[in-house]
Structures are given as C-alpha cells and as structure tokens.
Amino acid sequence: MSGQLLAFWALSFVILSGALYIVMTKNIMHAVFMHLLTMSMIAAVYGLLHADFMAAMQVLIYAGAVTAMVVFALMLTKSQSRPDGAGIAVDNQQRGASFLTAAGFLAVVIYVLVPQKWAVHEAAPVVKSDVAAMGAIIFKSYILPFEVISVILLAALIGVIVLARKED
Amino acid sequence: MAQYAWVIAVMPVLAFLIILFTLRRIKEKAAYVAIAATGAGLLLSLGVLATVWGGRIFTYQTTWLTAGKLTLKIGMYIDPLAAVMLVVVTTVSLLVQIYSIGYMKGEKRLSWYYAAVSLFTASMLSLVIANNFLQLYISWELVGLCSYLLIGFWYEKKSASSAAMKAFIITRIGDVGFFLGLALLFVNTHTFDFSAVRQIVAAGSLGAGTLTAIALLFFAGAAGKSAQFPLHVWLPDAMEGPTPVSALIHAATMVAAGVYLVARSFFIFEAAHPAALQVVAGIGAFTAILAAVIAVTMTDIKKVLAYSTISQLGFMMAALGVGGYTAAIFHLTTHAFFKALLFLGAGSVIHGAGTQNIYEMGGLLKKMKVTGWTFLIATLSIAGIVPLSGFWSKDEILTEAAKSGNYIILGVLLVTAFLTAFYMFRLYFVVFTGPVRDEHAHESPAVMTYPLLILAVPAALLGLAGSPLLGNWFTKFIALPGAEHIAAAPDYLMMGLSTAAALAGIGFSYVLYGRRAVTAWSVVNSLSSFSWLNTTFVDKTIRDGLRVTLGISNGLARFDTRFVDGIVNGVGGVIGTFSRYFSRANSGFIQRYAMRFVIAFMLLAVAVYFVLVR
Amino acid sequence: MSFPILTAIVFFPLIGALVTLFYKPEQVRLIKWTALLASIVPLALSIIVIVGFHPGGGVQFAERVLWSKTIGASYYLGIDGLSLPMVFLSALLSVIAVIASWNISVKTKGYFALLLLLEVGMLGVFVALDYILFYIFWELVLLPMYFLIGIWGGKRREYAALKFFLYTLAGSVIMLLAILAVYFNGGAKTFDILALAAKGIPLGLQHIVFWGFFLGFAVKVPIFPFHTWLPDAHVEAPTAISVLLAGVLLKMGTYGFIRVILTTTPDALKEYAWIMATLAVISIIYGALNAMIQKDLKRMIAYSSISHMGYVVLGIASGTVIGTNGAIMQMFSHGLITALLFLLVGFIYERTHTRNISELGGLLNKTPVLAGILCFASFASLGLPGLSGFIAEFLVLVGAYSSLPWFAVIASGGVVITAGYLLWMLQRVVMGALPDKYADLLDATPREMLALVPLVVLVLVVGLYPESVLGFINHSVVALVKVVG
Amino acid sequence: MVPLQYYIIMSAILFTIGIYGVLARRNAILVLLSVEIMFNAVNINFMAFSAYITPATMVGQIYTIFAVASGAAEIGIGLAIILLIYRGRETVNVDEVNMLKW
C-alpha cells in the first residue's frame, strides 16, 4: 500500500461522499459549499496525477469562479427549500426511477470499461507535467481549437449579458 | 322534294328557338309562329308524300361523329312509311295547335306551351325520317322529354309533376332495353343504318339468337313508349297534361312511336326466332283486352280514352306480332286521326262542361252540336262500323290474325273489339245523351270546333284507302320493299265477325247506358274486379319497387356514411389516438427527456458493445 | 424555338397570383379584375392552341428543356387530343370560377391568389409529359384546394379540407411509389411519360405498378370505395371551388388512367379490367342510389359525380377505342354539366340560404331562368340525347358492351336511377308551389348569366355536334389504346 | 502506484452521481451543480488517461482545458437562463417549467 494509493482512496472517499451530499441534501447552501470542497479534492486528484497546472486551474475555475457564480445565482433567486431543509421537496417525483437509471448506467459502464486492457505507457504515471511544454503544444498543434474556444467564451459572455439583462 | 324533308323537322325547331328566346314578350303570338312552322311542314310533307308516291325511297346522310372505327351518321330515310308518318304527324300537330289557341286561352305560360309543342313536333318528325337506329333513339328520347315537359305543364300541381316523372322514368326503363338492343346490334353489325342492317340481316350472318335478343330488347323499348303491359301504367297518369297534348302526344303520335319502331325493325323480328313475334303478339293482345276491360270501369273521360289508346296500341302490336306489318301501320294511321279527334272532342267537352267526370255530364249533344256529332263519328270509327276508317284497319288486323292461324289472338282481339264498341258507346251515351245535367255547358269556340270538323274527315274516310274492296291501295303503298304482296281478297267472314262484335258492343251499351234498362253499376262493378291486375298488381308492384329502391338507397347512404366513410374516419381516428398517446410523452419536463436520453444511451451502448466489440 | 405557348398558358395565372399579392387587401375590385384577366389569358391562349392543333399530329406544341441529365428528368410540356379538351375545360372553368367568386368578401386577396395558383396546378397536370413535372403539378393542386376549402368553406370546412387533403395525399404518395418503381425498374432511366409508354415495361413490373397508379388515380376520380372525401369536400367548399373540384380535379384521376395506365401498363390493365369495371359499375349504381336519398343538393350532385365518373372508368376499362373516346367525352361533358349544376346550386343558395331539397320548391315560378337552366343541366346529366352527356355515355356503353357486355348491361341500369333522382329533385325543387318566404327572389343577374351561358352553349354544341370534340380526341385515342383496338 | 482502472471506476461513480442529480433534483441550480459533477468526472477520466497513456503529448490535459473552458461557458449561460426563467415564473424548479412541449 503506497502513499499514492492511500491518498487516492482518501480523496475518492471525500469526492464521492461530497458529490452524494450535493445530490442528497435539502439545503442548497450546504450543497454549494460541499461543491467547493469536492472541486478542491478533484484538484488534489489532478496533483496526484502530476498535473500541477491543471490542479491550479481546477481550483481557480471550479472551486473559485463557478462556486462564486452559483452563490450569486442563489442570492438572486428565491429557493423554495428553506435553510432548515424542512418543507417543500427538493427532489422531483422521478427520484426512484432516477436512482435505478443511474445505477443501471453505472453497471453498464463498469461492465464495459473495467475488463478493458488499456495501453498504459511505461513512463506513466511518473512523468512530471511541464507547463512550458504544454503551452508549446497548445499554441502549436491546437492553436485553432484554442482560438475557437476563446470565441465561444466570448460568445457565452455576451450571451449571458444579453440573457440576464433586465428588459427596460 | 324529298331531299328537303329535313326542312320539315327543322322548322318547328326554329319556331321553338324563336319562342324560347322571346318567351316573355311573345305571349299569344307564339301560337302563330308555331302554327306557321307546322303548317309549312304539312305542305312540305304532302309534297314528300307525292314524291314517294311510286314507292321510291330516298336516303341522305351526313357524318355526325367519329370515334375510332365508329362513324355515326345522321340522315333521312324517306320511304312511303316515313312519308305517311310525316303527313300524320304534321296534320295532327297542326290541328292540335290551332285547337290549343282556344283551349289554352288565358294560360300564363302559353308561349312555353307552344315552344314545347314545337319541340315535340320537331323531335317526332326527326324520329320518323331517321335513317338509322341511333337517330331514331335520339329523337325517341327527345319526344320523351317533350312528353315530360308537357305532362308537367301545370307543374304547380304535385299530381302533374309526379305523372311527368312517372312517364319519363317508366319509358326510360323500356329505353334501357332499346339501348342495349342498339348496343348489341352495333357490336354485331358495326352500323346503325337501316339499309345496311337490313342487308346484313338478309345475308343471314347473324345468329337467330342474337337477332331474337335484339328484337326483344327493341320491343322492350317499344313497350315502354307504346304503353304495353306491364309498362303501360304511365299513360293514364299522363292525362294530367293539357288535353290537346294528350291528343297529340299520348294518342296520335308519340305513343305510336313504339309501333313505328317495331315496324321499322320488322325485318329483324322476321329474321329472329318466331318466339320474338309471338311475344309481341301475346303482349299486344293481352294489353288490348286488359286495357279495354279497365276502360269500361273508368269514369274520367280522359282516362277512358287513355285506356282505349293503350288497348288500340295493343291491337297494333298484336297485328305486328302476327305478321300484319301493313295492317298495324294502317291502324296506326287511322287511329291517329280518330283518337286525336276523340281527345280533342273530349277537350271540347271538358272546356264546355268544366269537369272530367262523365257522370257529371249528360245530354251534351244538345248543347254542343259540332263536338257531339264529330265525337260520334270518331266513336263509330273506333268501334269499327262500316265504312268508317276504324272498321277497315281493324278488319285488316283481324284478317291477318286469322291468316296467321293464331286463333287465341284472334279470339282475344274479337272480344276486345266488342269491348271497344261497348266502352266507347258507354262514354258516348253517358256524356252526350240522356238528361242535361249542366245547364251552363256551352259549345267551344270555332277555333276549337273547326279542327274537329277537319279531323272528322280522315277519321271517317281514310280507311277507304286501305279497303280491300278498293284494292288495298294503302297496303301496297306501305308494304315492305321486297316482300311480295298478296293482294288480299276481301275476307267477308272477318268483316261479318267484327261488325257483329261492334254491333253487339253498341247494343249492349245502348241497353245499359242509352236506355238505362239495366243498372249499369252491377255490370261495371263485376268488371272492375278485372282491373285488379292493373291498379292492384302493376301499379302496386311499381310503387313497391320504388319503395324498395328508396329503401335500398337509404340503406346504402347509411352504409356509405357509417361503413365506407367509417373506415376512412376510423383509420384517421386510430392514427390520431396513437399520436395523441405518444404525444403525451412530450410532457415538456426536461428531466423526463433527460432520463429517456440516459436510458436510450445505455441501451445503445449495450447494443454497440455486443454487436461491434464482442 | 417558337413561342412557348403551353408554358404561357400554365404559368400566366401564377403571374396573376403574384401580382395580387402586391395589392392591399382593401383593393378588392382591383384584385378581382386582375384575377379575371389572369384567368382569361390562358383561356384565350388555349383557344389559339385549339385553332393551331392538328388532330392527327400526335403530341404538339411540345416544349422540352433538359432538367437533370443524370436522373433523366426534363421540363417537358406537350398537348395531344387527350389533354386538349381538358386544358380548355380547366381554363374555361377557371374563368367561370372567378366570375362565380365575385361575391367573395372575406380575405379576397388570398382567395383569388390561391384560385389562380390552383389553376396553375390544374393546367400543368394536363400538359406535363414528364413524371416528375406531372407529380409536382399534381401535388400543387392539393395545397390551394386545401386552403380554399378550409378557409372559405362551410361549417365543417376544416374536417372536409383535412379529409380531402390527407386522402388524396395518400393516393398520390402511392402514385409516387409507382412512378419511382417504373423509373428504377422500367429499364430506361427516364421520367418521360411518353418514352416509357412507347418502350413498354416488363410484364411483372406492370402488374405491380398498375396497382400503385390505380390506387393513386382511383382516389382522385373517385371510384368506390375511395369516394367518401368527395361529398364532404363538395358540401363545405364554396361554389366556385366545387365547380373546379368536380369539373377539373376529378378528371385528373381519369386523365391519369388514360395517360399512364392505358399506355404504360396495358397488359396489366387488360388482366385487371374486370376489377376496374366492377368498381366502375358499383360506382355508377352505388353513386346513383346514394344520390337519390340525399337531402342536400350539393351532396346529391357530389354522389351523382361519383356515378358519372364511373362511366369514365368503365370506358377506360373496356380498353376499346370507342369506350376510351366515350370516356374522354364524358370527362369533358361531365366537367361542363357538373360545373353548371354546382353553379346553379350556389346561385340558388345565395338567394334562399338553403341547399336542403325539402325546403325548396316552385322555383320555376319566381326564377324561371335559373330553374330552367337547372332543368336543362339535369337533363344533360341524365343523358338526354342532343346534350353532351348522352353521346359520352352512349360511346362508353357501346365500347364496354363489346368487351365487357354484362358490365355494360348493369351499368345501363344506372341510367334509369339517374333519371329517377334527377327528376325527383326537379319535382321537389323547381316544380310545385313556391314557399312564401321566397316570394321576393330575383332571377339570374347578368354576372350569373355570364357564368352559366357559356356552359349551356357548350353542352348543346357538343351534344348536337359531338364531332366538334371527338374530332380532336379520336386520333390520339387510336394512338393511345394499344390493348384491344 | 494507482492502477488506471481505479480512476476509471471512481470517475464512473462520480458521473453516475451526477446523472442522479440531474434527473432527480428539482432546483435548477442543483441540477446545474450536478452537471458540473458530471463534467468533473469526465475531466478526471481525461486527466487519468493523459497521465497513463499519453504522458508525453498530454492530449488528455489539453482536452481538459477545453472542457473546463466550455464548462465555464455552459454554467454561465445556464445560470443566466435560470435567472431569466425565475424572472418570468418566480420559480427555479425544473418540474414546474414545461415549455418544451410539442
């Protein structure tokens, strides 16, 4: 039992239980904070995979930006579920069916994916991630997708402004 | 002269058109237009008759239509038969039109009346000069139309419009037979032309079975038009029309068209199986006696004459059936005149007395001299008293029947002759003799009585032309080309028998109605049970048939909307139900869509995995 | 290439329709006059075509522009003795429909634009000689018809319009399948109707595509048991649309029978003639019996149309030259007569606001001209000699008699029933006493006479001198009929 | 040394939890959060593959960058739409909004 494995188990436990809490809790605020936690733990998993840059990105974007946005959204809308979690249902009527569906999905995925023989590289997973090399790859091989994604982000930005703007 | 015979038929057409297009303005003057056209036609007809005097035959034709190998022509075939018919039709038509000036005076649709009569005259003339069966059929239908229009002249009356409809539809039932006969003829000979058909039939290339079928189908048409049993029921109802129309169409001309058709196609009947002619003779004789019996029981003056007409037409058919072609035509001619005279006389009586029920009349001879005496002449003529027209033609028929050896027919015809004399004189005695019942009765104006006087001449004397004592001139003139004519010696036995029958009828009638020695009703009542065949059976059958037809169409209409359309709507409904059911899936709740998406993805993944990867 | 007169005939109404779109909806008079002009021009041009037509000359005035070489489709118009009367009839009835629609006051602009669009489709069907073009025009007819019934119709207009649309669409889809089957399996990769007919297609294929075409056309004719859309559509459609529906649209089906089935699948036709004839005879008798009992005048005439179109199908099924001539004559003549009847019913309805036979009566007293023409039309319809209906039925029955004698015998029984229901209708509608509420009816106006008189004259002319139409038809029929001869 | 399968299974479970959340939560914001969880499950997968299979070319990492970028755009737009709906309907409950009907 290496330290890596131990770390993996621990992180997995936190991530999965955090995700479960998000989809189970009746208090939305709690869910959002648990989301923050979960996202941070995922960033730790990235670190475990030697992708330090991505881990940083994960913390910045998901744990930071997205969570902040969601909190703002929560503030702007009035949720029917009260802070104490009592009262109006937070789940819809197809909860049981959803559970079955999700379980079925999991079974299918595991049944299909687990027996696969993956062509694991000899060097894995010890190669240190190199931000400089990554930048070179993005701006050489993937320059067009990169530009496209920036346009998409710009479009989303404008779209959000247009959508969320109060009509005069 | 004969090549202009078509002008005779065209002139009434012109009169018809002139009147039709000036319908509102022309009013009474319409009569003069129509009379002028028919009068000119009469003169021309006489000219045509003179032209064919020597037995010559003229034919003219022009193409009417072409369809594939079928070329139809219209044209004229002027032989003595056609020439005689031309004269008969124009004469009667002219006199009827003159007469109508008085009879129809004050009628608000007078101009329309003359238009229709003109159209009828034109169609009837076209019928008699036709050189082919198709043209004959076309004219045949057109006279039927005019008959419909004129019976329904007083269309405000339901009985009139119903009678018109009945006449048209019942004759049309016969016409379907005629039409099928035409089709059968055409399919076998590829022509409608009289002469061409005659040659083909003479060549013997057609089987007797085919010819018999054609002949019987033609006879079906003739039976419809000439009111032979069981298609006779329309004619008494047709008396709903104005009386002059009854005289022209339903006594003298149109109803004779059936006889004319059988006469025209007589060569087909002769070439066919003998059964064909036997059917003609049998139905003719049966119609003759049936109608005569019914005539005895009638109390409406026009109905008596109507049944008398049916009976006389049966006489003619019977004559044709026993091979008496010339006798039938002869009787047709004489009958046209004396029956027209009877009808016009009856019209005059109705005009003067204001009723049609004979028992509301009486002693009218004193009030209506001209009408009474001319009516007497016609009555004697139809009863068959020497030397009036009816005697000679009826005698001719009886002689032919005797010659054919068909003694049943002969017997029936003799009884009919007796009955004819009986019911005609019954009519005469009741109407014109005895006590005066209506003081207001008056003689008709001159415009009505002069036609009576003129018609009385041929009604009395025309028969002499065919008298065997005077050499059977008419018979020779009219005889079929090629058929060698046996110069008939006067058959005094037959003359004696027919005169005896007539005198017996008159005497019996005198006892019952002239002297009123016996209560008439008992006799009549006993006879009226005979007419069950007519009123109860045939008419009822037709009414039942009609009801059944209506029932069927009612059922079919229901079948159509419920079943046939039901299937159509059902298919639509089933599809609609399905789509409504499936459209409920589109609830609009996005999470349901998402779940379906996930499930579908799973299934797809499993399927792909098993099919492709494994 | 000379002046493309057929294209001009077909597409001139389209120009008219487009022009009306530029008017304001209030410019009603301008819209009407434009529509009238746009429909008169094709009529005038079709008369020019008739004058220039050589009866023995086969397909004439042909215009052919290659459309797609790879699939073998072309813009191919042409006219022969079969289509000539139909083109004339469509053009004439369109003009009359415009005149009869003069009183349309609701959404006038859309109405006349759709009417003209409908005319494009009708004319196009009769001159198209390429299957794709034929199909396009065939479908083009449906759409304006759907809206014309569905918007300007009577009470149950939506139901009727939808039924009409779906029913005939189902038919034409089947026809499309047949067209594609002929195209892919006929041996020649072409959509040319005439070329495919001339080349002939394999016997096995004939037996299959026959049914495709048959069903497609039978719905349109309509033959029993595919007829139930017709009474509903007629009852709901406005007068002028009924005129076009009965006068022209039904003929598209029988036109297809002759143009396609008779020439392309003659052997299959010969084999299945008895089925066609059976359905035709059933249509004749069944339609007539149904007409007898109807209470609504329009419904009665609709059923009588089913009955009369049965004669057309019988004539075609006979496979004889005479029968086919008769069938085309009947198409033409029935187009005139039914148009006349529907116009009259429409005019009477405008006055009395009822089409219920039992509520009418005695019209001869007050409106002698209208009632007189109704009598005339009824007599023409029941096949009175001297009027156009007779000669058509006569030729059909003689033709049928020579190849299918018993069918002809039964069919001729329909003549009596036809006489029965028409005369009965006349007795109840024009004869008898006039109900008091109609005491102030007015007789035909000049505008109405303008619509009626041309039809009356044509019925008479064709009836008295059938050669005037048959002269054009006959040569083409001889060329078309390959079956029995 | 963590086997690749562990990562795959872990991300699969995480993804499944996300699915459950998307299907079962009423609140639109929670649904969005669940979508985020699914996104991250995918990203973990990418990262793991990148580290184990293509460590040199870093294809998986680059995919993750793009996925994060589009995920950010998505959540922005999603929240904007939720705000819009909330303004119109006074609710953010998904099962009370059924405008996506035929």
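Some notes on this structure:
By written order: A, B, C and D. Residues from 1 in each chain.
As a working rule, a contact is a pair of C-beta atoms (placed from the backbone, for glycine too) under 8 Å apart; a residue touches a chain by one contact, two chains touch by 3 or more.
Please read all numbers here as calculations on a predicted model, not as lab measurements.
Contact with both subunit C and subunit D is made by B. Taking each chain's centre as the mean of its CA atoms, A is the chain most distant from subunit C. Computed centre separation for the pair subunit A/subunit C is 70 angstrom, with centres defined by C-alpha atoms. Subunit B and subunit D have Cα centroids separated by 96 Å. Once the centre of each chain is set as its mean CA position, subunit A and subunit B turn out to be 102 Å apart. Between the CA-based centres of subunit B and subunit C the separation comes to 36 Å, rounded to the whole angstrom. Each of the following residues of subunit D touches two or more other chains: 19, 23-24, 94-95. Contacts with at least two other chains are made by residues 92, 94, 97-98, 101-102, 105 of subunit A.
Residue positions of subunit C in touch with at least two other chains are not found. Two chains count as a pair here when they touch; such pairs are A-B, A-D, B-C, B-D. For subunit A in complex with subunit D, the residues that touch the partner chain are 2, 4-5, 8, 12, 15-16, 19-20, 22-23, 28, 31-32, 35, 38-39, 42, 45-46, 48-51, 53-54, 57-58, 61-62, 65-66, 69-70, 72-74, 76-81, 89-95, 97-99, 101-103, 105-106, 109-110, 113-114, 118-121, 123-125, 127, 129, 133-134, 137-138, 142, 145-146, 149, 152-153, 155-157, 159-160, 163-164, 166.
Subunit D makes touch with subunit B in their complex at residues 19, 22-24, 31, 94-95, 97-102. Those residues of subunit B that touch subunit A in the shared complex are 591-592, 595, 598-599, 601-602, 605-606, 609. Against subunit C, the residues of subunit B that register as touching in their complex are 23, 63-70, 134, 137-139, 141-142, 145, 148, 152, 155-156, 158, 161-162, 164-165, 168-169, 172-173, 175-176, 179-180, 182-184, 186-187, 549-550, 552-554, 556-557, 560-561, 564-565, 567-568, 572. Against subunit B, the residues of subunit A that register as touching in their complex are 92, 94, 97-98, 101-102, 104-105, 108, 112.
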